[in-house]
Amino acid sequence: MRRMSFGQATVDATRFAMREDDRVVVLGEDISWGGNFGQFRGLVDEFGHDRVIDMPISEAIIMAVGVGAAVTGLRPVASMSFVEFTLGAMDEIVNQAAKFRYMFGGQVSVPLVLRASDGVLRSSAGQHSSSLEGLFTHLPGLKVVAPSNPADAKGLLRAAIADDDPVVYLENKRITAKRGPVPVGDHVVPLGSAAVRRRGTDLTIVTYSVMALHAEKACSELTGMGIEAELIDLRSLVPLDLDTVLSSVARTGRVVVAHEAWEFGGFGAELVAAITVEVFDRLRAAPVRVGAAQAPIPFSPPLEGAVVPGADEIVAAAREVMGLI
Amino acid sequence: MSLTETMSPGLALSIHRTMVRIRVFESRVEQLFKAGELPGFVHTYIGQEAIAAGVCSALNRDDYITSTHRGHGHAIAKGMELGPIMAELYGKETGACRGRGGSMHVADFSVGMLGANGIVAGGLGIAAGAALSARYRGTRQVAVGFFGDGGINKGTFHEALNFAATHRLGVVFVCENNQYAQFTSRLRTTAVEDLSVRASAYGIPGVTVDGNDPSATYHEALEAVARAREGGGPTLLNMETYRFGGHYVGDAEVYRESAEVEARRWADPIVRWERTLTDEGLMKDGPREAVWAEAAEEVSAAVRFAETSPYPEGGTALEDVFTGATAVPATGRA
Amino acid sequence: MRRMSFGQATVDATRFAMREDDRVVVLGEDISWGGNFGQFRGLVDEFGHDRVIDMPISEAIIMAVGVGAAVTGLRPVASMSFVEFTLGAMDEIVNQAAKFRYMFGGQVSVPLVLRASDGVLRSSAGQHSSSLEGLFTHLPGLKVVAPSNPADAKGLLRAAIADDDPVVYLENKRITAKRGPVPVGDHVVPLGSAAVRRRGTDLTIVTYSVMALHAEKACSELTGMGIEAELIDLRSLVPLDLDTVLSSVARTGRVVVAHEAWEFGGFGAELVAAITVEVFDRLRAAPVRVGAAQAPIPFSPPLEGAVVPGADEIVAAAREVMGLI
Amino acid sequence: MSLTETMSPGLALSIHRTMVRIRVFESRVEQLFKAGELPGFVHTYIGQEAIAAGVCSALNRDDYITSTHRGHGHAIAKGMELGPIMAELYGKETGACRGRGGSMHVADFSVGMLGANGIVAGGLGIAAGAALSARYRGTRQVAVGFFGDGGINKGTFHEALNFAATHRLGVVFVCENNQYAQFTSRLRTTAVEDLSVRASAYGIPGVTVDGNDPSATYHEALEAVARAREGGGPTLLNMETYRFGGHYVGDAEVYRESAEVEARRWADPIVRWERTLTDEGLMKDGPREAVWAEAAEEVSAAVRFAETSPYPEGGTALEDVFTGATAVPATGRA
């Protein structure tokens, strides 16, 4: 184990993959300078400009070139820095990358990772603060991961690069600089396996990405109130480790689903729906959702705080599902 | 300069054969579609055969092409068998894409045909990516991105050409300028008359070509492909042609006079090429007819193959969303 | 009342709006020829090329021009024919149209309608068959409607054009040619009002767009089995008339949510989640969802039929929620 | 030719004043940001003042501009008051956008400033739409779309120019070519050296301009604006300049040598313009210093205004997602 930041852990994983397999190349804006969040720092020194490719501000072509390279023998990792910029490449992500294998009858795989930074960070305002996993998870052909800590950041990026399908790798901006212990050398976290962060019997909290950190805090507070929550960090949204979720909820009978993305039509809706459909008879109370209020993310701190949830909202939701509010 | 000074008789005849195979294939597709035999909708390549046939003759088997919604001609010219294409149009399990893709998504990666594509200009960045990959792997493969006069106004055209030009990638961008995008004349939507001028925005060669003359399409492609292969970067070829049929089969064509279509018939690329071959003494009536007859037989065989092939089983509908062993339903539960 | 097709009804609504208000202009590919589905037929004859503007194949600029025109005094109706082409304009839809009013502090409105044809129609395959309302409904700042019949098609389009905010108007390809009675003259269906198509006491079916037609058929079959379903056609997804849904489900205690879009993470997930959260205690059985299986839409008819649901799937879901399966 | 033959002294001095106001405003913003007074992140306009000041001097108050992430200079030049801009940067209720937008989304529709925009090249199509609207309404308003050398490679640049050119809309596309996009030199990502050549792809005039000379920026803009106003269609102006600061305040600037920055200082547009004005006898030391002092006072007042203004109430966070009476939460329940 070595302590490093989430961002460094992703550099570690990428370096490992690039050393292991020379088909791995990375594409993105400003990445030879390390990228907007240092997620590519140092790679160009070791691997050169043929493998660490500075792209023009042409998001559509970053993805299209990724697809073209992926289906002809490379394993590209494409970067969009802010997740909102993926919207300029949505056609390539959805109509090409996600559908290529299926619509061509399984002739090819598209081993491509799309990295994008999401979430709020200190008032970045409407076009630089969104969390868009709800879009990607709905679209068949894409895998989607959203780690919450440096060790998972490394392990999931390794798994994503090793995967033969397009994987959207979402890294929350607020945790990119957060440090934690990371296994040295190779470290893989398989896609589709949730982590139970905390055992508890009163309710289950299902979450991922930065919200998993808020939830840890919420769980401590809840303990102080005599409530023991089981905390599940999904890590991977597609494929989704629903079994882990269901067996926990079947035990606790109560569930809070939390994410930073907008609540309405968000991934939490899918979680609540799937849980309700599958273990309805075990539910002792209505599930409660925590997510952003339905507004573009505002700039001003008091407004941002009002729209985007954190630990307090999880605590309140937990108390609600426990029937205490 | 006579044709034989610039092109071997064998090549000239092979291009002819390809054009005829495309024409006969597409005419049959039109018939079959009108007869209700084919699901979906189809866009035929009739009138543009000299482009696919000429350009693909300048390519090696392991070179790449990306295609469009009007992709049957490219598929045939790049070397796909007719049977799997036709079976794909029928939606059969023996189709090139196991019936998953249909007319707009015919592909065969084993011959470098990286897919017809239902998104206008969708193939251009993919071609650039394939060229980047070839450069990286050191294979000297070239990629051709076919697109239309309508596609030239899509942002991806710009992004792809700028990227390919900056990196001097081995791509040839072939605009099949058939004068219309669906129902709309290019003159109504495009700021320049001569589309080849757009090359100058990327510092690359841009050439306007008689797209109905296989000698021209072949030679211009050959030059561009050679440059691409040698690291000289991309070229934009504006190949002027005309779509004899509707945008899709069934199009009522209210947007153009039939007189306009008729006036263009003089430039039918196959008629012209046959006249050239005949004039140059490369082809006689007998062999000419044999090519058509052979193509008709081949297409009939493709139809028989398609007709007698089974449909995919509904139960296989979720295969190949993801790759092999990593395939998982979204729920993570098998 | 006059019988006309869904498509004609939209022409009717547009003509009415254009006569009434000369700020209304329409933008799209091939629209002076009527558009891909005849949704603009005849408009250019009456209003000319200054108001019926043939756009290049530049989806991003169709939307951006729409935004620029909308914030400077016009009321544009932009068309994308197939809904997948909106993916090439997603940045303009989400980062500009939807956020403009909010992020500029309410200085302007963006009175803009985005029309797009969705759904399967006879094997149009992976890039021409999707239903993407699950994307639009998640994103704050967009209103979303999806009518199921000619009268609503007219009334909702009138309301959408009259609305001061961006409205995504989704017209299912399979019903564009379907005919029905349409009120002559002005006819407005307010955004945010669901229609109860059928009263019933055993269960509630919540749906919209083409699925509302499949559901009518399903209801008849269910009647034959002695099951009386209440059928709610939402018509408008944002704003959502949740009250109508909740009061019905509170009565029946059983709900089936159905749409043609992919089930996983689809709008149905939001509906199930909202219903469960709000009227949990009234639910007598787990809600059941009907939606497309998680694959790009395949071309071949037997595969398309296997992925995309219809009346049969609604009947089966109703029987399941009734505990009969 | 002396300056006074081409520009009135009043205008020359007014441009100077605008440039100084921008410079002083931005320098204070830099300080404030470093002191932790401002949320978010800020991109300053220092070094590029001659462009906003020159171009906007060629516009009427009711003409439109669309701006970029680096938009304070445009906002000031187009006539926004400094107080509401500064308050916006603080996230205060009295900000131009009531604190909802912040630095990257400063806007004032009442002076035709249609918004700074955090999406690179995001304003170009919006400018085209505004010009279409002006044409339709018959107002003769012109729209200027500002963007950067990085933005020129975005697909929307292509789509916007093609559309505007096809319809001969009254748009002026002003590329502020400051040599870098974030950390990356334009030479690494762009296929052509002289960005003005891209105009030829749309059959419109393209001019490379010394973007640090207000006389040049003003006169080229004036010509383009006049053409736009008269129905002569769009122009692409490539205004060469240099960003003296980092991409954003706090940028470590590892991607360029400080010697490079220093070498560019000779071209500081304000220093140059002051020298010209002095040489031409239009300005003396006293009045020059007064302009700076006045600007400093104005900026201080703006800071005081911002500092003493209240933050928005958290409870108002859901206002203005939708318009007035039609505003509804997604659930449809108030």
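Letters A, B, C and D mark the chains as written, and numbering starts fresh at 1 in each.
Note that in this section a contact is a pair of C-beta atoms (placed from the backbone, for glycine too) under 8 Å apart; a residue touches a chain by one contact, two chains touch by 3 or more.
These numbers come from a predicted model, not from an experiment.
Visitor: As a test of understanding: of all chains, whose mean C-alpha position lies farthest from that of subunit C?
Guide: Using the mean of the C-alpha atoms as each chain's centre, the farthest one from subunit C is D.
Visitor: Could you let me know which interface, B-C or A-B, is made of more C-beta pairs in contact?
Guide: Between the chain pairs A-B and B-C, A-B carries more contacts.
Visitor: Provide the C-alpha centroid distance between subunit C and subunit D, rounded to the nearest whole angstrom.
Guide: Between these chains, centre-to-centre, one finds 40 Å.
Visitor: Between subunit B and subunit C, what distance separates the C-alpha centroids? Give it in angstrom.
Guide: 36
Visitor: Cα centroid separation between subunit B and subunit D, in whole Å?
Guide: 45
Visitor: Can you list the residues of subunit A that touch 2 or more other chains?
Guide: Residues 55-56, 58, 60-61, 84-85, 88, 91, 95, 102-103, 125-127, 137, 140-141, 238, 264-265, 274, 294-296, 298-299 of subunit A touch two or more partner chains.
Visitor: Give me the residue numbers in subunit B that touch at least two other chains, ranges are fine.
Guide: 95, 97, 99-101, 105, 117-119, 153-156, 159, 162-163, 166, 188-190, 321, 329-331
Visitor: Applying the document's contact rule, which stretches of subunit D touch subunit B when the two form their complex?
Guide: Counting only subunit D, the residues touching subunit B are 153-159, 161-163, 165-166, 188-193, 197-198, 200-204.
Visitor: Subunit D touches which residues of subunit C in the complex?
Guide: It comes out as residues 25, 50-51, 53, 55-56, 58, 60-61, 63-74, 76, 91-92, 95-96, 100-109, 137, 140-141, 143, 163-165, 191-192, 236, 238-243, 274.
Visitor: Mind listing the subunit D positions that touch subunit C in their complex?
Guide: 64, 66, 95-101, 105, 107-109, 114-115, 117-119, 122, 124-134, 136-137, 143, 155-156, 159-160, 162-163, 166, 319-324, 326, 328-333
Visitor: Hey, which residues of subunit A end up touching subunit C in the complex?
Guide: It comes out as residues 60, 84-85, 87-88, 90-91, 93-95, 98-99, 102-103, 125-127, 134-135, 137-141, 238, 262, 264-270, 272-274, 276-278, 280-281, 283, 285-289, 294-296, 298-299.
Visitor: So in the complex, the part of subunit A that touches subunit D is made up of which residues?
Guide: Counting only subunit A, the residues touching subunit D are 29-30, 32-33, 36, 54-61, 84-85, 88, 122-128, 264-265, 293-296, 298-303, 305-307.
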